[in-house]
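Input: one structure, supplied below.
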């Protein structure tokens, strides 16, 4: 039993599934929040998959999501501006999710990888995720 | 299980075509075309999958491990990026249509000429 | 044809396609099977050419001519979009209204631009080793510039984006690919033949012409996406219908 | 475990594709399309195609939604003035 893959599977079914549900219904603001949450979860899923398959090179995908995910959310907040409304539902989930999720995934992976270039890359992804999460949750809240 | 991925690719294709045919907005139709395109990626990569194998990228694994089929991946990879620029071309056509005719509803357009 | 009749035709067509497709699926080799004759040969050829990323080897060495075709589709669709979205004589340019952006967002955008650009270049440069390459990295690099629009504002993007240069680079990327192919014809047996020394497996300079073709594609894709988005941005934010309407709007 | 991941990713992609088609407003469809792109990236990684996943992420996360939303804005601006 590979616990990394099991965790990734649980995140896909129990995290990305509800995000799709949230992005498919309700006002525009809530949908963008769901999309932002999905990019965060995707980044964590990709990290877990990379560890689960024992392929450090797959981490590049998580790195790309960590920078392009927030960019995508900012596209929506920028161009849907007036439709989004103030404080869309689910906004307050974003900050705790990123503050718990990113360290909970990155720290065990760093321990598994040991010190070195791989661990530095993981820490960079964690920092990018937290910075991106902080900025996007702020942009979403303002509407 | 041995048929599921192929059938899902077929489902995505059919649902995308249905969306394009019943669309009342050309931008929506372009979005449905993007959905239809994604069915081809799913089909290609499902055909190339090998159980228990890993990606044919040998930067971090020995060259003796079993790997999945790289040919279909190369096909899908270029297709993804080129598909996006084709989507851009179609969106440009929609913008041009909106300028000329003042509508993006295909049903209203069918009566117009030129 | 009425809408109702059209729906019936559509339903019949979809059902027929579904039936034929499902029948065809049962004849396909099962999902996850171990019989991949082309794949095994491609992996073999890639290792012989000392390219660690087999997919890059297929794209830029074994099937390099097909990739030239793909690149030409890309080039043509960019050209088509530019022609369709150009400003016509009866349209005029109106400066977009300034948008107020929070300071934190602005700082994030300015900070992430170089980071994203660097990640894009990293993805292009490691195309022959780890997952990535010109196609993917090019899009990431192009996105990095547009952080200026989504996190700062449109004038900032316009200042830092000499569009003419990107249009030139788009053509140059395509031309570099064609010329590298011709080099294969002059120095080797065939068009796009891999004529350079193959180098050491799993290093940045391995794979002969693969890294060069990869870089040419990277340049073309980056500038293609920048040019595409530039025209969409200009149409959506700046260009107003005909001059008279523009004044009243 | 591999099978469970493949099935979960496939079902997510199928659901996202179906939902994307039935969003009739193009701006909202763009949000679901972006989620479809993310789901496809998971599926491609699970099918051991990280290169394709990377391409899908690069294209689907910011560039395609930006183009669709800009086209929507242009078309709407046109409509408002008429």
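The first chain written gets the first letter, and so on, giving A, B, C and D; residue counts start at 1 in each chain.
The working rule: contacts are C-beta pairs under 8 Å (C-beta built on N, C-alpha and C of every residue); 3 or more make two chains touch, one makes a residue touch a chain.
Keep in mind that this is a model prediction, so the values were computed, not measured.
J.: For the interfaces A-D and A-B, which has the higher count of C-beta pairs in contact?
T.: A-D
J.: Could you tell me the distance, in whole angstrom, between the mean C-alpha positions of subunit C and subunit D?
T.: Averaging C-alpha atoms per chain gives centres 17 Å apart.
J.: State, to the nearest whole Å, the distance from the C-alpha centre of subunit A to the C-alpha centre of subunit B.
T.: 24
J.: Pull out every residue in subunit D that's touching 2 or more other chains.
T.: Touching at least two other chains: 2, 23, 30, 48, 50-51, 53-55, 57-59, 62-63, 66-67, 70-74, 78.
J.: Would you mind listing the residues of subunit B that make contact with two or more other chains?
T.: 1, 4-5, 18, 46, 48-49, 51, 54-55, 57, 59-60, 67-68, 73, 77, 80-81, 84, 88, 91, 95, 99
J.: Scan subunit C for residues touching two or more other chains and write them down.
T.: 53, 55, 123, 126, 130-133, 135-136, 139-140, 143, 146, 150, 225, 228, 232, 235, 241
J.: If each protein chain is taken as a node and each touching pair as an edge, is the resulting graph a line, ring, star, complete or other?
T.: Here the contact pattern is complete, since every chain touches every other one.
J.: What residues on subunit C touch subunit B, complex-wise?
T.: Those residues of subunit C that touch subunit B are 3, 6-7, 10, 14, 17-18, 21-22, 25-26, 28-34, 36, 38-39, 42-43, 46-47, 52-55, 57-59, 63, 67, 70, 73-74, 77-78, 80-81, 84-85, 126, 129-131, 133, 135-136, 138-139, 202, 221, 224-225, 228, 231-232, 235, 241.
J.: Once bound in the complex, which stretches of subunit B touch subunit C?
T.: 1-7, 10, 13-14, 17-18, 21-22, 46-51, 55-60, 63, 66-74, 77-82, 84-86, 88-89, 91-93, 95-96, 99, 107
J.: So in the complex, which bits of subunit A are touching subunit B?
T.: Result: residues 53-58 of subunit A touch subunit B.
J.: Under the stated contact criterion, what part of subunit C meets subunit A in this complex?
T.: Residue positions touching the partner: 99, 102, 104-105, 108-109, 112, 115-116, 119, 123, 126, 130-132, 136, 140, 143, 146-147, 149-151.
J.: Sort out for me which residues of subunit D touch subunit B in the complex.
T.: Residues in contact with subunit B: 2-3, 6-7, 10-11, 13-14, 17-18, 20-26, 29-30, 33, 36, 40, 43-44, 47-52, 55-56, 58-59, 63-64, 67-68, 71-72, 74-75, 78-79, 82.
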